[in-house]
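Chain naming follows the written order as A, B, C and D, and within any one chain the residues start at number 1.
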Amino acid sequence: MKTFKIAILVGSLRKESFNKKIAKALIELAPENLSLEIIEIGNLALYNEDLEQELPIEWQQFRTAIKAVDGVLFVTPEYNRSVPAVLKNAVDVGSRPYGKNNWDGKPGAIISVTPGLLGAFGANHHLRQALVFVNVPVMAQPEAYISQVGNLLDENGKLTSDSTRDFLVKFLNAYAVWVERNAG
Amino acid sequence: MKTFKIAILVGSLRKESFNKKIAKALIELAPENLSLEIIEIGNLALYNEDLEQELPIEWQQFRTAIKAVDGVLFVTPEYNRSVPAVLKNAVDVGSRPYGKNNWDGKPGAIISVTPGLLGAFGANHHLRQALVFVNVPVMAQPEAYISQVGNLLDENGKLTSDSTRDFLVKFLNAYAVWVERNAG
Amino acid sequence: MKTFKIAILVGSLRKESFNKKIAKALIELAPENLSLEIIEIGNLALYNEDLEQELPIEWQQFRTAIKAVDGVLFVTPEYNRSVPAVLKNAVDVGSRPYGKNNWDGKPGAIISVTPGLLGAFGANHHLRQALVFVNVPVMAQPEAYISQVGNLLDENGKLTSDSTRDFLVKFLNAYAVWVERNAG
Amino acid sequence: MKTFKIAILVGSLRKESFNKKIAKALIELAPENLSLEIIEIGNLALYNEDLEQELPIEWQQFRTAIKAVDGVLFVTPEYNRSVPAVLKNAVDVGSRPYGKNNWDGKPGAIISVTPGLLGAFGANHHLRQALVFVNVPVMAQPEAYISQVGNLLDENGKLTSDSTRDFLVKFLNAYAVWVERNAG
């Protein structure tokens, strides 16, 4: 059985981020044929084409890391009804330089996570639109909208909700099928 | 006649940015009762709630600047079918800290600009969705989609297209009416 | 004090529609200067430009009705993460024939309603995008996402939730200010 | 070699519809392993859950037709920056009755077509959002935005543009790969 390397990108930078905790839960819950690893995106300079001349080392490392994986899993909060800048920036940096799109063809999936009630729906679907352009085929179903996340984690950041754990396992299993079908 | 102070936010950082050139054209073409000024957003650290404790000086200056204006004009390219991170970051930084939304109630308008053919439509409308949440009422018509911008500017970055100039004047006049109606 | 005539368009056709019940609650809760009336949209033939030659009587009546109001309030469920066809059809029929947009300049607001958990977010924002084009300035805040509506109504379709009633009153008062500012 | 049956849904009803002409061109240009057929959607009553009791014969036929195909190709104009009602209605009718989603798992693709300049971008991406929910995995690249379609067809509705024909062939070949990977 082939094991697929999957990058997790987390759209929140704060130390106690709910999204990071969900990302860590995903690593533990992943099926055997998916190897998940969080890739750092908080150190990427805001995209500016002029910087391609001097090529920040963090951009270079990030692009190399994305190029090396078989698929990408996005875990994102919603900021102002859309994608946090840090995550959109990672998409933009990874898609460049012009003509060298590092995302090309890598199967993706999105989990949106919020302490609020509406599942970070706006972030989830805006991200989908961007991923069309960089040719990341994103799994349709199941969609994953994690609301009121504060109630789902204990003081150590571990999942306490069985139904959420079951859902994430189901989600990851569906994603494994998606990756098998669509990975390069 | 009251003069309204309007911030221009430009969603591109490169030195020879087409969007900056269009922003400068707007300053020249603005009607008498709008005073337009570009506000720097490239120096804002990626939003991270933990930073509110140390409060980066650039965040503070930006928030103060936004608080001081009567309206906001967004000039944006499209990156990967959505808003560039630098501009989304400015929206996010300006909307915080929690409970202190600096955009609140300031009438807005959007001009999307692209060397491509599709008017940066995706950026234009994703930005509209974010601005709903921060309570910036965005002018509906006329919409402004500037395609193939490379053909509209001379080597000094000046507008060469009369029809584009006429359109921008019409757009700014409509925006002036929008600001008069909806400013605080 | 001027009274503004406001059309309510309801995006659900079934007899026991939750959205219709919310629409009726809105009529009762409206402030004195808003006169709300539900306008029928279920009888409009699917838009087909060829029909402009024979002009269905229902299209004609609907266009006349929209032309006569000062503003438009949309109450909509979500079908498949977007606007129900019946409501999108009403927007399309009202925007035509070419060059005679009956919505032009009428201030709008949106309440999305669902028995589900995510507030019919997708319908709410897709409708906003369409309303930009027909020049309906849509109120930004407060947004209105009514989730789990089945729990908010009694067997006679009356609102039982005080907090929802209070929210709708607040929403309608904000809309009244929006209409005063932006009505033609 | 297996041949896949593909339904084409066209989002425009008028007799001389540009979208119908592009749909017919697609049928001629399809690779050997795709068998394309236009499925009628103009006769479907607007979705109303109450009608499930009497089940309109056209709904029944449409659902049976969708159930029978291996994939779905959408050809759509843009009405007011979003999906035409006739096409959204087909998506809604096909997704029901509750618990019997006829679209489930069928690989899809979208071509948006307009006499205008912006490629019917708004319709293209709103349709993508709806198709996520009904579990139609939509091909990411190549995207297909056909602008100024009036210049691409002769008086008999035949494609005159070689570059458009080449693009559509490339698009259909990519879609054939997409269907092979993701069909049932």
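Everything that follows uses one rule, which is that a contact is a pair of C-beta atoms (placed from the backbone, for glycine too) under 8 Å apart; a residue touches a chain by one contact, two chains touch by 3 or more.
Here the structure is a predicted model, which is why all the values come from computation and not from measurement.
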Legend entry - Which of B-C and C-D has more C-beta contact pairs: C-D
Inset, instruction - Quick one: point me to the chain whose Cα centre is farthest from that of chain B. - result: D
Inset, instruction - Between chain B and chain C, tell me the centre distance in angstrom, where each centre is the average of that chain's C-alpha atoms. - result: 30
Inset, instruction - Let me have the rounded angstrom distance from the C-alpha centre of chain A over to the C-alpha centre of chain C, please. - result: 36
Inset, instruction - Could you list the positions in chain C whose residues touch two or more of the other chains? - result: 81, 122, 125, 129, 132-133
Legend entry - Complex interface listing, chain B residues touching chain C: 125, 128-129, 131-133, 135-141, 143, 181-182
Inset, instruction - Quick one: which bits of chain D touch chain C in the complex? Just the residue numbers, please. - result: 13-15, 42, 46-50, 79-86, 88-89, 91-92, 95, 122, 126, 129-130, 132-134
Legend entry - Footprint of chain C on chain A - complex, ascending: 81, 117-119, 121-122, 125, 145, 147
